[in-house]
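Next come two complexes, and both contain subunit A; in the first it sits with subunit B, in the second with subunit C.
Moving on, here comes the complex of A and B:
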């Protein structure tokens, strides 16, 4: 592999990294918001969210990305490829994260929130100061799992023309006729990214020990 | 003094309180007045409604009928029947402090922060002010050494003493204790009772559910006996423990090692 191949690989890695990171950030927060809204059990809204979650979880990423990219012009939206890719990944991961957050809500100790309310905390302060910090710790294994699924599934966005870390290996081997080296390097880069996530998970596990009473 | 006036002076004033779970009436027309500085002990057999009564006082449980005033202020509903918005309810609740049977400390916060959390985020106290107040309270309950420890490293007695400091940190008008020593190993009961006894000596207003009869006799100003949601007997501790009026209470005390005179 020559310098330009390396350059292309790193660019592909960067594309995968930032598109995934943005999608993860959106997905984690939107999932939390959906879980919060679902707590209120607002009649029609709740059914719509359930519908979204089941559809998004059942739809392959490739299909979702294509659908968004191709239908956007009809809806009068001018999406560039990256935005469409982020939208597809976010819509997918949000659905899974919403379920992770929801089970964290369901499993949260009622005694602890009662103790918070008893000191005069409003439900909102109770959520922010008492529930959320613990829910982050207990949900992190599930969230990180979902993050690495997203990264591993992200090559699907190549279908709408985004040159990500996987797609770029194709381009390089089309020139060099040596497919193996770029794929091996790409694999190593994926492992490095996921490795960082696993490290984050370990950190959370150490904190989680405290919560086990 | 008129009756309306005395109830305004009371730390807690409960009128015609009724509460059902499903079809079972758990509290029936309960009337209770706790004066400032007074210690009231609620006694009764399991399922008689003691916890429910205590949890109605700070509106963790919503009564079906009746009114509750904390230091003259109605909790839960406005006088005109409008339900109280959550922020306002939280403000009135902050006038009460509650200590639970199961401690219910927040495990993600260390001892000091368990105590400073509400003053900072509810009262808007500065970090320094909250920590000073917390340290004084941890001193009072003998937990200064453990200020940096996390709850999961503490014994039950230590947890409960921190929980008491946490409730005191909001400077409540009344402290509510729901069987504060029932979950403790016998050898740890004493340290928690000693703290509560100190508080009573300092003039704190307290409503307490307990099965520790000797302790109830020693610290109470008023003992209330609850039976199937009804207050069937109330008296000063001497009268209550030496000459109970009803057979029911006499039987109950026989089964609970009536304490010898203090």
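Moving on, here comes the complex of A and C:
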């Protein structure tokens, strides 16, 4: 492999990283919003959200990415590849994150929310000042785990033509006729990225345990 | 003719895609299960020379995306002289990848076992193989079934990646239909419905297994 191959690999890694990062950010926020809406138990909306979570968890990312990218023109939307990829990844990860946030809500100690009520805090202030800071810490290990699943699933966006870290290996081997080295390097890069997340998860778990005791 | 009617006329293609996804999925999870149990048995051997490379292998699989492994088998292996077709490299990659995950799930559960049980089995004269197959494995499988169920759903979702290495399965069927008739929305809705149906069925089966294991007392350990 020559210098340009290395350059292409790093560019692919960058594409994977930024698309994943944007989807993670959207997914964590949207997951929290969906968990909050489900907590309100609005009749029809609640059933729709349950259906969405169930379907999104069962749909493969490749299928979802193809579905969004190919049917967007039919629905009158003009999406470019990156937006379609981000949309597919976030739709998938939101469903998982919503469940993580919801379980954090359910396990939140009642004594604390009652104490907050007794001291005269409004529900919003209780949520913002008491619940959210603690929920972030307790659900962080689960969220980081879901992030590494998202990165492991991110090669799916290659199917709609985004040149990510996996797809770039095809491009390189089309020139060099040696597919093995770029695939191995790409694998090592993925391991480095996900290894960082695993390390982060361990840190997060240690903090969550400290809070629990 | 409406778009849905076109799809109904092409139902044979969906059906064959569905069957081929089920075939790939079934064969690869059986392979993954055998690999997972094999890895667990080898880890039970507790010889350091063997366990360290096995742990490295399992951790490496857990840090790689599935598609990279499929690429390695499909595009990478021919340059060392082993040539697999797309179908077999897909099934092989799925089996090896999820086998490592199964092994990790089993190992995590194995760590929670009280050592007294193993010592009692040894005192009764169980050989290592008999102890593994009659005592450890049934308990581990029954106790880890929710995690195994999750992993099966991940395995089902990973079968769709094989469309990238040109295996013809459910997603590939939708893709080819949508490019023939230009009806992507309807074609993919049908396919997503198929995937959803498979995973809902699996969840129900796992729940039924829970009833069986409660009856046999596996949960009381």
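Structure notes:
Please note the rule applied: the second predicted complex is superposed on the first by the 212 of 213 C-alpha atoms of A that agree within 3 Å, B and C clash if a C-alpha of one lies under 4 Å from a C-alpha of the other, contacts with A are read in each partner's own complex, and residues count from 1 in each chain.
In this section, a contact is a pair of C-beta atoms (placed from the backbone, for glycine too) under 8 Å apart; a residue touches a chain by one contact, two chains touch by 3 or more.
Worth saying up front: this structure is predicted, and the values here are computed from it rather than measured.
Touched residues of subunit A, counted separately for subunit B and subunit C, are more numerous for C. Contacts of A:125 after superposition: subunit B is touched, whereas subunit C is not reached. In the superposition on chain A, contact is made by A:60 with subunit C only, not with subunit B. In the superposition on chain A, A:180 makes contact with subunit C only, not with subunit B. Of the two partner chains, neither subunit B nor subunit C is touched by A:2.
In the superposed model, A:107 lies in contact with neither subunit B nor subunit C. Using the contact criterion defined above for the overlaid structures, shared-chain residue A:211 touches subunit B, although it does not reach subunit C.
In the superposed model, A:154 lies in contact with subunit C only, and not with subunit B.
Contact residues of subunit A toward subunit B in the complex are 109, 111-112, 114-123, 125, 129-130, 133-134, 137, 207, 209-213.
By the touch criterion given at the top, residues 60, 63-68, 71-72, 75-76, 78-80, 153, 156-161, 163-164, 170-171, 174-175, 178, 184-185, 188-189, 191-192, 195-196, 198-200 of subunit C touch subunit A in their complex.
Those residues of subunit B lying in contact with subunit A across their complex are 58, 60, 86-87, 90-91, 93-98, 100, 102, 104-108, 117-118, 121-123, 150-152, 163, 166-167, 169-170. On the side of subunit A, the complex with subunit C involves touching residues 54-55, 57-64, 66-67, 70-71, 74-75, 151-156, 158-159, 166, 169-170, 173, 178-180, 183-184, 186-187, 190-191, 194-195, 198.
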